[in-house]
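Multiple structures are listed underneath, in structure tokens.
In the two complexes below, chain A is the common chain; its partner is chain B in one and chain C in the other.
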Partner chain A sequence: MTATMSYAYAVARDDDDTLARALSGLPGVADAPVHLVRQGEMVVAVSPVPEQDFQESALRAHLEDLEWLESVARAHHRVIGALAERTTVLPLRLATVYLDDERVRQMLDARQEAFAGRLSELTAHTEWGVKIYVETPAATERPAAPPAAADLSPGRAYLSHRRAQRHAREDAYREAEEVARRVEDAARHHAVDRVQHRAQQGELARGPGENVINDAYLVPVGHAEGFRADVLRAAEGLTGVRVEVTGPWAPYSFATPPETEPMKRAAP
Partner chain B sequence: MRAADGRPPAVAQEPLPDRQIALIDLLDRLLSGGVVLTGDVVLSIADIDLVRISLRALIVSISEQMPAPWSATAPPVRDGHDG
Partner chain C sequence: MNEPVARRTGDYPSRAGPYGGQGSSANLADILERVLDKGIVIAGDIQINLLDIELLTIKLRLLVASVDKAKEMGIDWWEHDPALSSRAADGYHSLAEENRRLRAEIEALREGDELPPAEDEDEERRPAPRRAARTSRAKRAEPRPRSKRRDES
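Showing the complex of A and B:
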């Protein structure tokens, strides 16, 4: 028998007692069953996790292990996804851990009002990811330079090739800038808030191309299809740029209210 | 959800099978989004940043030092000169 702690996933309102069903049979972190800790009509989805893995130092070490991190992240997301299919959820940051369920209840009790307020604001909204990729000649192996005239010396042919490559890249960035503008226009019609994530790089970033924009938009449910369609249209007719839309997501990026004014204000 | 205009969607739209979701998209949200509470295991934001740093090869976060090639997503300004 191992000692356990309480891993908290998300907060939601459950006034008609239906959320427990959404969680039944669903494996949480460490494959443990997920239950609800309740305070009035507010609930926190919680599951027991082995204390030895989630104590501070162990947790810190584990989080550097990509495989471990992935399994926790996917479980976290699975639980939030199941809830989000039924209701508005307020996701908690990955690896929010309490000593026991009673501590979770105390936390919920103390913050009930703030949670309820944000949940109301997020009702009937989902998050959408928009990523813009520049498909540079290097990435696409686009024959940017015509295998330059045979009468050029190797040195000059090389330079001419490099120049052509550079121009193609500059064009691609310019196009990406145009696409970003179009996406913002689309967003003005449909979205109520935006969070900019860091551009994705490194081994986990899946190309093709270079990710230059990695944004999340908060979109009213009724606007979701229009938003998606308009955003996907933004790259139409442009060859060096690709737009990817992900979602709908639970409002991970918008769990806390914006510190600055929402983007609507920026609309001309 | 259907593809709004018949073109193939850029990504699978079903929210269900989580294995289809790219880990990096998930980590973008789970490591920087969500409500931050001080649980009983105090893993500070700084620690999460540490995670980012130690996974630098995987989830690089160099945009502070190396900004995007342009600042198109800065709040729209109308008074600039257009090309």
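Showing the complex of A and C:
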């Protein structure tokens, strides 16, 4: 037997003892079964992880390994998703690790009130991601050079083509601003809070176009369909801009309460 | 690209279907930005939280996060890291290449007297580093006075 530690995924309220069922048979990090550490009505989802992989130095090294990180991140997300299907959860940040379950219980005991308060605020809300992409001419393979006016030399035709390209790109960014405004307006009718993520422009950001807006909205469950439909409508009629909606997510981006006033929801 | 949405009737127990952002097919970038950047931060027994994760996974985070954002915060060392800058280097080279080509063309045009002096000069100067251009564009595309950022915490 290798020594293990306790990996904590999320905090939830489980007053009717139904959450354990949601976790049964679900592989957690390192494919270990997930169980609940309980303190009163509150629970933390936990699974054992090999000590040698999650001690400080090993963990540091592992976090630099994208393959390892992906498998842990997906397992973390899988467990949180399974819980979120049944109840409101407070996701903990990746790799929150305790020496044993008793230490998890102590942590839960010490913070019970704060957790309970935030869980109540998030009850019956889900998170939705909204990304806006600009499909620049470079990215969308427009028909190459416009048929050059007959009286232009090749050199000038080239330059005028370059200028046209640049203008098309500027138009696309202007359209993106317009779409961002419309998304915000649409969202205000449904969402109660927003968090802005960094635009995704790295190697992992797939999909054509350049991501310019990457936001998460907290939406009451009853508003989810309306939110999604209205937000997707924001790009209608604009060809250079794409809106992508992802979700529902567990309220990762809202687990920590905001320091500022929540977004005011407009009267319907 | 948009996966089916979970059918919901407004009550948790009756909710079913894919949850948590498209389940197993969810975009890794979307997952990483949430599980690494968001969620409740509690110092566990293994002290590798917040700052450590911030620092130690920055290479990975840069795969997800905006390079511009990092540059705004003064982080740019990866530009000298060959493992990370290959794409940037390509972009730079192709821009330099393009720049040279344009300059040559303009030169040729001037000699042939087909181009009024300096009319399209900006075309020549313009291929400045791509990042600069991108930053300004990104700013223009962010029309949100009321925005609040919580992702810096």
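Before moving on, here are some points about what is shown:
Note that in this section the second predicted complex is superposed on the first by the 260 of 268 C-alpha atoms of A that agree within 3 Å, B and C clash if a C-alpha of one lies under 4 Å from a C-alpha of the other, contacts with A are read in each partner's own complex, and residues count from 1 in each chain.
The rule is short, and it goes like this: a residue touches a chain if its C-beta (ideal position, glycine included) is under 8 Å from a C-beta of that chain, and two chains touch if they have at least 3 such contacts.
The structure displayed is predicted, hence computed values, not measured ones.
Once both complexes are superposed on chain A, the partners chain B and chain C clash. In the superposition on chain A, A:R163 makes contact with chain C only, while chain B stays out of contact range. Contacts of A:A124 after superposition: chain C is touched, whereas chain B is not reached. Shared-chain residue A:P258: touches chain C; no touch with chain B. In the superposition on chain A, no contact is made by A:A3 with either chain B or chain C.
Residue overlap on chain A between its contacts with chain B in one complex and with chain C in the other: 5, 8, 11, 54-56, 59-60, 63-64, 66, 69-70, 73-74, 76-78, 81, 84-85, 90-99, 103, 107, 111, 129, 173, 176-177, 180-181, 184, 195-206, 212-214, 224-225, 228, 232, 244-246, 248-249, 252-253, 255-256. By the touch criterion stated above, chain B contacts chain A in their complex at residues 1-2, 4-5, 7, 9-11, 15-16, 18-19, 21-37, 39-43, 47-48, 50-51, 54-63, 68-70, 72-73, 75-76, 78. Partner chain B is touched in their complex by these residues of chain A: 5, 8, 11, 54-56, 59-60, 63-64, 66, 69-70, 73-74, 76-78, 81, 84-85, 90-99, 103, 107, 111, 115, 118, 127, 129, 173, 176-177, 180-181, 184, 195-206, 212-216, 224-226, 228-229, 232-233, 242-246, 248-249, 252-256, 266, 268. Those residues of chain C that touch chain A in the shared complex are 1-2, 5-6, 8, 10, 12-13, 15-16, 19-24, 26-42, 44-50, 52-53, 56-57, 59-60, 62-69, 87, 105-106, 108-109, 112, 114-115, 120, 123, 134, 137-138, 140-144, 147-151, 153. The residues of chain A lying in touch with chain C in their complex are 5, 8, 11, 18, 54-56, 59-60, 63-64, 66, 69-70, 73-74, 76-78, 80-82, 84-88, 90-99, 103, 107, 111, 124, 129, 132, 134, 153, 155-156, 158-159, 162-163, 173-174, 176-177, 180-181, 184, 194-207, 210, 212-214, 221-222, 224-225, 228, 232, 244-250, 252-253, 255-256, 258-260.
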